[in-house]
Amino acid sequence: MKTQLKRIGILTGGGDCPGLNAVIRSIAKPAMTEYGATVIGILDGFEGFVEGRMRELTPKDVAGIINVGGTILGTSNKGNPFMFPVETPKGIEILDYSSHAIHNYKDWKLDALIAIGGDGTMHIVDRFTELGLNMIGVPKTIDNDLAATDVTFGYHSAVAVATEALDRLQTTASAHHRVMVVEVMGRYAGWIALGAGIAGSADVILIPEIPFKWERVFEHVLLRSKRGNRFSIVCVAEGAKPAEGELVVKELDKKRTDPIRLGGIGELVGKKIEEETGLETRTVVLGHILRGGSPTAYDRILSTQYGYKALQLAAEGKFGYMVSLKGTEVTAVPVKEAILSLRTVPLDSQLIACARAVGTCLGD
Amino acid sequence: MKTQLKRIGILTGGGDCPGLNAVIRSIAKPAMTEYGATVIGILDGFEGFVEGRMRELTPKDVAGIINVGGTILGTSNKGNPFMFPVETPKGIEILDYSSHAIHNYKDWKLDALIAIGGDGTMHIVDRFTELGLNMIGVPKTIDNDLAATDVTFGYHSAVAVATEALDRLQTTASAHHRVMVVEVMGRYAGWIALGAGIAGSADVILIPEIPFKWERVFEHVLLRSKRGNRFSIVCVAEGAKPAEGELVVKELDKKRTDPIRLGGIGELVGKKIEEETGLETRTVVLGHILRGGSPTAYDRILSTQYGYKALQLAAEGKFGYMVSLKGTEVTAVPVKEAILSLRTVPLDSQLIACARAVGTCLGD
Amino acid sequence: MKTQLKRIGILTGGGDCPGLNAVIRSIAKPAMTEYGATVIGILDGFEGFVEGRMRELTPKDVAGIINVGGTILGTSNKGNPFMFPVETPKGIEILDYSSHAIHNYKDWKLDALIAIGGDGTMHIVDRFTELGLNMIGVPKTIDNDLAATDVTFGYHSAVAVATEALDRLQTTASAHHRVMVVEVMGRYAGWIALGAGIAGSADVILIPEIPFKWERVFEHVLLRSKRGNRFSIVCVAEGAKPAEGELVVKELDKKRTDPIRLGGIGELVGKKIEEETGLETRTVVLGHILRGGSPTAYDRILSTQYGYKALQLAAEGKFGYMVSLKGTEVTAVPVKEAILSLRTVPLDSQLIACARAVGTCLGD
Amino acid sequence: MKTQLKRIGILTGGGDCPGLNAVIRSIAKPAMTEYGATVIGILDGFEGFVEGRMRELTPKDVAGIINVGGTILGTSNKGNPFMFPVETPKGIEILDYSSHAIHNYKDWKLDALIAIGGDGTMHIVDRFTELGLNMIGVPKTIDNDLAATDVTFGYHSAVAVATEALDRLQTTASAHHRVMVVEVMGRYAGWIALGAGIAGSADVILIPEIPFKWERVFEHVLLRSKRGNRFSIVCVAEGAKPAEGELVVKELDKKRTDPIRLGGIGELVGKKIEEETGLETRTVVLGHILRGGSPTAYDRILSTQYGYKALQLAAEGKFGYMVSLKGTEVTAVPVKEAILSLRTVPLDSQLIACARAVGTCLGD
């Protein structure tokens, strides 16, 4: 039994994502059996880290969870110890509470802490690494917008759910000769819209990376209609924007600040298409359904690989690193590489070329 | 081979619904083989009936479609020949075009016409029966709100899709300690919300039949939170209404007249819960996804029984009847019975008692 | 709060079945909250009842289990206290250990015991009732072969899984121009084969209720081939038997006594079809997959109704009764009615007529 | 519009595989629109190529097929023109009929032929390339055993289906305290068993690459039982073999020559475990279900990329090449590279290390 690691912490940061429990399991099981380590679960993400909500995980806690959605550790939106919302006599103030987290790290005698999260989490991993904590990152986000890895876990599960919805809407659009607009998540990157749009055979795909022209969208839908395809499916990323019309964009951005809001760009696209083409149009927003539920087999395998690799990095003392898929190999990259920039869809991507090749309009 | 039926027509009216193709198939296949009849498909519902868009169906047309969503015949919202929207020099006028339909019925020498649809379709079946056409109805609606049958086909498929979404949202609500509000279809009847809410273990179910009290909803969610269940699932029927607050109701009704609208009662419930309880809340609207896609095995079997029974009624000359499930038997009822009233959830229903028994709040 | 029930036991007998946990939950939750009762879970079915393996269930035990397959209580094949296999110096002896069970019932001060199971379980419920225990039965079996109820829970889930497999095999049979033989469970009753066969559009359905003629099966498959349908799907119940050929039947019965056996009637049908028609044939046996996994929405709702009704019967002192679906109502029948005979598919069943109507061969 | 390609052929060889239609679509659609080419579908694989069964594909043929299982072109087991089974007066003779295929290629004036298939197909692509035909290969096999590409399409769909079955069996194994043995496809390579075994949380995974020791399997299952995990899941590749016991291996190999056979290594493993450990054991063989049905979103995207890349290679005149995934890029490799060897699971694979890390026994 290897002995470097005595006590290892795990936390899950940011939004829910299929595969979180699979990662936790593949860190915790070998940590206990292969390394004889104690595994400390930090509850509710960085909020729990700041507030010291932690407990030891048992083998039973991590058994039978590979296919369970959500995270047994919980997560939180109060996700940044360096900008922590605190109730004070003056109201909610944003304070640097990282020292509380560091205190808890030491108090619980952690030798390493593996943080599973997206872009925001990796920034925090980086800062705590600079402050001397032994941090490892695991790239998670359904949006697939993290740099320095081929793919994040959760992405393919979200695409699978969105594709199933597109399959359903194909039949109903066809029966009614309707245009169906489907908004999927993706505020800054169009990976989900592009992946699900290709897999679900969308006729139009609108992504943030390609500001779209209204006319192109209308033309394409009308052309299909003229050719006898009396229905169309339009797959819109949450962050898609028209090329022109700053006003419109601002209005949308305002809506986006309201988290319960419904009816962003998807609703707007639906309304405009109906008005301009005269074709009956309906909009569906696939919000939080994309985040929940059991991960696909692909994501369970990837998550298992990510978790075990993160543990190995911790055992090797490679702190400040993030696990990463490169080709068929799970490897490690400095977390600083991962946070240099958001990974958006390159305009010369094969996926975009493919979508165009099968006749999809990308709005440009 | 039986010989009463020479030429039989089929049309699908109203909104899309899983199982339509299964019904078409189980009318057309035995019509051709058992009765040696010619089967005429009327395209795009009653609109196609008025406009004479019809064609003979071949065995190939109806092969392999039992599990395909939508309808191979198409449907239309211009669904009423007695109140048909016609472009005239004065603009769109609503005219009685039933004579066109009757003309087409005779022109195509139909011996009988089977109309698959919901409440609206059954009203039309009734009127054409009175005008002397040989009509048979098949009860279809995901809303399950047709009288005179235990269940309509499509209902269980819609519940299955909604339940799967609730399963997904359970995990993500739990991970984030959030309240998740899910709006499902059901403008006048709460069957989908009640069925999916029970199957998907919703903590609150709001249906049109039980005007809800805001305080009860807030209390229930807060009580769960106090007991350590830091998440709740609220399943809301599209037509749910608060008991008090006429203003609110009118505002919602206005929204409902806009078919592309997003954010009806579901969004309102979400906003109010967040405001009044302080718990983070998100809303998801499961719109047209509930209508599309492959029917469940249950609905495929029921649809197959319905279609064949409708054909048998046509052969027996039992016109003006609708097929109907009573217990385990598919039988026939006068279509007039089916249109007397909408079938809403009875307040003394076992389902409601069951929901309460497992701890669900129904808002009263 | 009602007070008749102080301590209520639950056990799950016989084979695994989707919906067991949903029933347990809808007994236990209202038992605790509505009746203030203590709920005792008996582990591993009647084996645990004999051996006294019981424990009190907590609200947490029964939370979040409505969609979980299996049974949190476990079950056992050593299922009959009246014929209990006991290791003695002389080897395994079959003894009447019902007194041990009765002792445990009294020792744990049970006021009532709800047993969830199939035909075997209902026989035991009946006998213990005669011996004075307060027993209630809940009808469970994927085979749907229990008398005195319209349907057992678990049946529609098994049909759903089998139908999904048939959907998959349709495409592969078609690509390869093959005959695909699919064996499903159903030793004495053909409900699963008939339901899944209709829903999955099987070309031949063989069930125990209709001893089949080999020639008819060969002819049907060849006829399809001649008409250009170069593939066929044959859905065979485990207990299907050819009309002639006693030898064959005996050979099959011998195989059936070996529980790990593969290759019963399904394999035989596959071999014969390939030999006699010259068409490439493959066989798939859908064994225990049909029993496992999350129940369908339909079965979750039915199970919830069954569980709560069973609790109400216990509270009313209606012992010796089994809950039962009649139409849309869950009611109660004397358990003696349920065990009079196995519920097989009636030869004049509408389902059989429907299957024939859409062109399916039933082997006769 | 590009003009190099006037007439392009497509055929699907070997066993059925999810994604075939998606590849056909993404060749044919851009071939017609982007290149203005005529697309010729060759029916029933190489058998149709030899026998001249071809027809022009229309846009309608390839619309709406991305999510449909099987292949619209059909396939055949008489898959090798160089060793073609021909009925002669002397009986079936195996003859070189490649000249027939070449004749048909010329007769239909093909400029290029894209063959979608596995190892066998790629060998034929290579030989026809040497004989001067303009061939391109697309790597297809659920087994994932083709060299020179990171992954074949169809693999992840097969793993998804197998994983879903393992999920189901987990619950039923747990309820019954049983050992469940699941045999999956994979005669020479263990990719499916390993992928599904990890994703489905199997306790034992047996693959052809690691000849297993019976004792290890028994020990592992018993150890789990002793620790209170009274069930185990054993995932066995069709081609798994025990390290010792040549006799056993030969017996199994004989069974494998019979294509309708049931009960190969999976049944043997089940029997032995029950005999040696005394634990109740059941075996399920997931045969052809793994091949059929709609591809996963992942496979739809990959197939779309493969098809379009193959068309581009044809347009560039890169004949004798196979498309291939390397990392996130679809590229081209000489087909000769792909047929040098079968791609089995490397013993130092991260997947194997991962499986061991989470406690899975690999039989060694």
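Letters A, B, C and D mark the chains as written, and numbering starts fresh at 1 in each.
In the analysis below, a contact is a pair of C-beta atoms (placed from the backbone, for glycine too) under 8 Å apart; a residue touches a chain by one contact, two chains touch by 3 or more.
These figures come from a predicted structure and were not determined experimentally.
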{"item": "Subunit A and subunit C, separation of their C-alpha mean positions in angstrom", "value": "41"}
{"item": "Rounded Å distance, subunit C centre to subunit D centre (Cα mean)", "value": "35"}
{"item": "Shared-contact residues (touching 2 or more other chains) in subunit A", "value": "167, 170"}
{"item": "Graph class of chain-chain contacts, one of line, ring, star, complete, other", "value": "ring"}
{"item": "Touch relationships between chains, expressed as pairs", "value": "A-B, A-D, B-C, C-D"}
{"item": "In the complex with subunit C, residue positions of subunit D that touch it", "value": "12, 15-16, 20, 44, 68-71, 74-77, 161, 164-165, 167-177, 180, 259-263, 266-267, 270-271, 274, 280-289, 291-293"}
{"item": "Residue numbers on subunit A that touch subunit D, as the complex places them", "value": "25-26, 29-30, 33-34, 64, 66-67, 150-151, 156, 159-160, 162-163, 167, 170, 195-196, 198-201, 294, 296-298, 300-301, 304-305, 308-309, 311, 326-330, 350-351, 353-354, 357-359"}
